[in-house]
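Supplied in C-alpha cells, the structure appears directly below.
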Amino acid sequence: MDQQHALQEYLLRLGDSSMILGQRLCELCGKAPAVEEEMALMNVALDLVGQARNWYEYAAELEGKGRSADDLAFRRDAHEYRNLLMVEQPNGDYAVTMARQFFYDTWHYFTLQGLANSADERIAGIASKALKEVTYHLRRSAEWIKRLGDGTEESHQRMQDAVELLWRFTGELTTADEVDTSLEAAGIAPNQQQLASDWQGMVKEVLTEATLELQPEDAWMYMGGKQGTHTEHLGFILAEMQFLPRAYPDATTW
Amino acid sequence: MSPEERNFQEKIDAEVKIEPKNWMPEAYRKTLIRQISQHAHSEVVGMLPEGNWVTRAPTLKRKLQLMAKIQDEAGHGLYLYSAMETLGASRDEEIQKLHEGKAKYSSIFNYPTLNWADMGTVGWLVDGAAIVNQVVLQRTSYGPYSRAMIRICKEESFHQRQGYQILLDLMREGTEEQKQMVQDSINRLWWPSLMMFGPSDDQSPNSQQSMAWKIKRKSNDELRQMFIDQTVPQLEFLGCTAPDPDLKWNEERGHYDFGEIDWQEFYDVLKGNGPCNRERIETRKKAIDEGTWVRQAAKAYAEKQQQKQQAA
Amino acid sequence: MDQQHALQEYLLRLGDSSMILGQRLCELCGKAPAVEEEMALMNVALDLVGQARNWYEYAAELEGKGRSADDLAFRRDAHEYRNLLMVEQPNGDYAVTMARQFFYDTWHYFTLQGLANSADERIAGIASKALKEVTYHLRRSAEWIKRLGDGTEESHQRMQDAVELLWRFTGELTTADEVDTSLEAAGIAPNQQQLASDWQGMVKEVLTEATLELQPEDAWMYMGGKQGTHTEHLGFILAEMQFLPRAYPDATTW
Amino acid sequence: MSPEERNFQEKIDAEVKIEPKNWMPEAYRKTLIRQISQHAHSEVVGMLPEGNWVTRAPTLKRKLQLMAKIQDEAGHGLYLYSAMETLGASRDEEIQKLHEGKAKYSSIFNYPTLNWADMGTVGWLVDGAAIVNQVVLQRTSYGPYSRAMIRICKEESFHQRQGYQILLDLMREGTEEQKQMVQDSINRLWWPSLMMFGPSDDQSPNSQQSMAWKIKRKSNDELRQMFIDQTVPQLEFLGCTAPDPDLKWNEERGHYDFGEIDWQEFYDVLKGNGPCNRERIETRKKAIDEGTWVRQAAKAYAEKQQQKQQAA
C-alpha cells in the first residue's frame, strides 16, 4: 500500500471517529442526567468535532482534489466513512454512553500519545493539542465507569450490561490492519502492539476498580468500520447530519 | 419599617449590593429566587431549540459555534442555579416546579426552530432581547445575581454578534433560498422576541416593588422600546423586514413606533398553550427522571469513597 | 386567491399528508405489537403512499414546470410541505399511533367522500378509488380506539392520554382557510362546515363508545401545517426520507 | 414398525400428503414444527433488514414495491405460523423460543443492509436462494406446509424478479456510484446467500431422516449447486462479479465450481455471533414485549363484547 494512500485513510479514521462520536454526543443535548453533564458532554463533543476539523483539513490538503474539510464531513456517504464501529453505536442509557466513551477515550488517548511523536510533524502538532483535551475526556469517562460500576446495584447492573453490549466493538480498537502497520513502519502511526496492550491494561484496571466483570478475551469481535463497512446506524446519522449541505447544494456559505 | 428593613432599603438606595449573609425581607428573597430560577430554567430550556439543529449544522465552523454556545448556556444555567442557592433555595425543588408547570421560563423557547436561519435569529433577536434585560440587571441589587449577570452578559453579547453574523452572511452571500430562510425566520421570531419583555407596564403588577428593590431597574415597556430602537437599524442593514406594518421611525418621540402585540398569544403561551410548551417540559422532565439512577449512583459512589478515605 | 394556485396547494395538502403518515407507519416496520399488525400497518401505509403518488402526479402536471411526483416527494424541504401537523407527530406507543390514525382517517374519509363528487374529474377519480381503501382504514382505527379505550385499565389510560396528547392537532382538521373555502366555492373541495361537523360527530361517537372522555371544544389548537409552518419533527422525517435522492443528485434512475 | 407407522410411511412413499388429523410419528411432528416455525420466524425477522431501508427508498415506485414486499412477508409469516399450529404447536411459545435464542431463523438476516442496492440483492440472491429451497418444499409430505409453500413461492418469485430488476436498472442506467453500490452489495451478500443452504451434506446429521419423510427432498449441497448454476448467468448478465476467485464453469461436471465457504463464519453466525443477531432479536423481542398491553387489551375487549352479545 503506498504511503500517501495509507495516510489518507488513517487521517479519515481519526477524523471520522471524532466526528461521529461528537455527533452522537450532540444528540444528547438537553437530555443528559444533570446540567453539569450537559455542559461536560457538549464540551467533549466540541473538542472532538474541533479535532475532526483539524484531521479533515490535513486530509483534504493531502488529497489535493479541491475538497474542503466540510466536503469530507458533509459530502461522503456511509461507505466512504472510516470511523470505528464503536462510535456510531446509539447512545443508549448513560451507562452505554459512558462505556462507549471510555472504550473510545482509552484508545484515543494512547493513539494520540503515540501520534504526538509522529514523524509527520503536522500530525504530531494536531495530536499534541488534542492529547490535552483527551486526557480530560479519559479521566472523566473512567471516573464515570467507576461511579456507575461501583455505585448502586442498579447502576452496577446497567454498566455491566453496557460493557457486555459494547465489547464486540472493542476488537477494532486493538486490531491493526495494513494501513496501521504500514504507517507504524514509517514512524507515522504509533506502535500497534503497544497501543493494544496499553488499551487492554487501562481497561482492565478501570473495570476492575469499578467492580465490573472483565469480558472474555476470545470474544467474537465485530469489525469493518475502519475499512468502510459499517453497522446499520451510520446511514441514519449521516442522513441527519448532512441534510442541509445536501438539500441546498448551491449554497456556498452558511 | 423595622430597623433591619430601614438599613436594607438604605443600602439599596445607596447602590450597595445585598450579599447572601445580609438580612433581607422575605418577599425580596422570594422574588429573587423566582426571578433567578426562571432565568436559570430559561438557560437550560433554551438549549433545546438549539439542540434541535446542533445535529444538523451545515458546516464544521457553524457546528462548533453552536456547540460552544450551547455549552455556555449550560454553564449559565449552573451559574444561575448557584446564585439562587445562595438565597437558601434548593435547585432540585425549583427544577421540580419547572417540571410540574409551576415555574416559568422564557416563553420564547416554546416556539419551534424550523430552519437553520433560526440559529442566527435566536442569537440576534432572542439573545439580543435577553441582553437588553440583562445589561440593566448587571446593576441589580443582589450581589451574586449582579455578578452572574456581568459574566453572562459578556458571553451573550458574543453569541448575539455571532447570530447576527450568520444572518448577514446568508443575506450577503446566500442563495435565494437561504435569504428566504432568513426572512421566514424573522417573520416567525419577531413578535415572540418582543414578548420577551413581558406584559405592558399597566399589566405588570409586581414591577413596582421590584423597581424599588432595584431587582428590576427599568419597566417592561422601556426595555422593549430600547430593544426595538437598537434592533430596527440592524434589521434594515440585513435587508430584511419585520412582520409589522406599523413599525416606523417617530421623529417626535425619537423612537420607533410599533404595532400592538398579540396579547392573547402571549397569555396563551404563558398558560402552556404555545407550540412547544409540552415538548420542552417533557424533554427536560424525561432527562431528569431518566437520570435519577445516574445521580443516585454518583452519590452512592462518593459516599463509599468517603468512607474508604475515613477508614484509611 | 387564484384557483390554480389554490388547487396546487390543496393537492399538496392531500399528497403530503398521506405521504408523511405513510412514512411514519414505515418507521414501525418490525416493531408492531403483533404480526397481524405488521401486515395491517404496512398495508395502510402502502395505500397512503400510493394515494400520495396519485395526488403528486396531478399536482406536478398542473404545475407544468417539469417536476415529477418524485421531485415533489423527495426534493422539497419542510417549509414547502403542506401536510397536517397531526400526521408528522411521532408514533409514540400504540395508543398514540392509533389515535393519530383515527383522527386522520376520520378527516380523510369525509374529505374523500366529498372529493369523490368533485367538479374536478381527475380529483373525483383519485378520491373514489382512495375512498375504498380509507373506508377500511377508518373501520380499523375506530376499532382500535374501542379496543384500547374499552380494553384493560392500562390500555384505557394510555388511550385517554393519547387522545389528550393529540387533541391540539385536531383543530387543523376542522378549520378551513382560504384555500379550502375558495375550492369549496368552485365545487372542487367538499363543504367545509359539513366536513367539520361530520368529523366531530364520528369522533364523538367512537370516543364515547370507547368509554373515553371527550376533550374540551374550546381547547387551544396548534395549526399551521397546511400553510407550511410545521412542528420540529418534520425536518427529521424529511432528512431520512430524502437522503438518497439528495445524496446522489446525478442519479436519474433507481 | 407399528401398523400406524407403516401406513404413514406408505403414504409418504406414495406421495400422499399427510394432513393434520392423520397419525404421524412424534419425531416427524417435532421436525416439522421446528422447520416451519424457523421458516415463519425467518419471514418476520426478514422484514427488519428491509425495514431498515423502507423509510429511505429513493423513489415512490421503489418505496411502494418495498412496502408491498414487506407486507407479503408479514403475510407469509402469518400463513406459516398457521400451518405450524395445525401440528398442535403454540405460536406464542415458538416466538418465545426465538426471543430466548433457542429457535433459529435464516442466518442471512443477521447481516446488515448497508446500501440501497441491498434491496435489490436481497430480492435477487436471498429470495432466490429461498425459492430454490421452497420450490422443492412445494412437494413436501405435510399437506398444510406444502400448500403454504405453493402460495409463498409464487410471491417470492415475484419479489426475486423485482429485486433483480432493481440491480439491472442500476447497472444499466445508474451512475458510477450506483453501479459501485451494486457490486459492493453483491460482495457482501454473496457468501451469506450460499450459506443459506446450510452445512455441507457430510455435516448435516438430520437430513437423512427428513429425506425419508420427504420433509426435505434434496440435500443442502444439491440445492446450493442448483442455486449457483442458475445465479451465475444472471450475475454475468448484470455485468458484476462474485467475490469468489474459484467460481468457474466446469464443463465436465456440467456445473459451476466454487470456492470453499467460510464455515467458521457460518457457525459463528449460527451461534449468535453475526453482525446483527443481537439487534434483530432485540428488535423483535421489544416489539412483542411492548405490545403485551395492546394484545391484552384486544383480548379483554373481545371478551367484553362476547359477554355483551351473550347477555343480549
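We just call them A, B, C and D in the order they show up, numbering each chain from 1.
The rule we apply is simple: a contact is a pair of C-beta atoms (placed from the backbone, for glycine too) under 8 Å apart; a residue touches a chain by one contact, two chains touch by 3 or more.
Being a predicted model, the structure only gives us computed values, none of them experimental.
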item	value
Contacts common to subunit B and subunit C (chain labels)	A
Minimum number of chain-to-chain contact steps, subunit B to subunit D	2
Pair joined by the larger number of C-beta contacts - A-B, A-D	A-B
Farthest chain relative to subunit A (centres taken as mean CA coordinates)	C
Cα-centroid distance, subunit C relative to subunit D, in whole angstrom	35
Separation of subunit A from subunit C, taking each centre as the mean of its C-alpha atoms, in whole Å	41
Contacts with 2+ other chains: residues of subunit B	56
Multi-chain contact sites of subunit A, meaning residues that touch two or more partners	77, 235, 239-240, 243
Pairwise touch network: line, ring, star, complete, or other	other
All pairs of touching chains, each written as two labels joined by a dash	A-B, A-C, A-D, B-C, C-D
Touch list for subunit C against partner subunit B, complex	77-79, 165, 168, 220, 222, 229-232, 235, 239
Subunit A partner contacts - residues on subunit B that touch it in the complex	44, 47-48, 50-51, 54-60, 62-64, 67-68, 70-71, 74-75, 77-78, 81, 116, 166, 169-170, 173-175, 177-178, 283-284, 286-288, 290-302, 304
Touching residues (chain side subunit D, partner subunit A) in the complex	52, 56, 112-115, 184, 188, 268, 273, 275-276, 278-279
Subunit A residues touching subunit C - in the complex, by the definition given at the top	77, 235-236, 238-240, 242-243, 246-247, 249
Parts of subunit C lying in touch with subunit D, wherever the complex brings them together	23, 26-27, 29-39, 42-43, 45-46, 49-50, 52-53, 56, 69-70, 73-74, 93-94, 146-148, 150-152, 154-155, 158, 240-241, 243-245, 248, 250-254
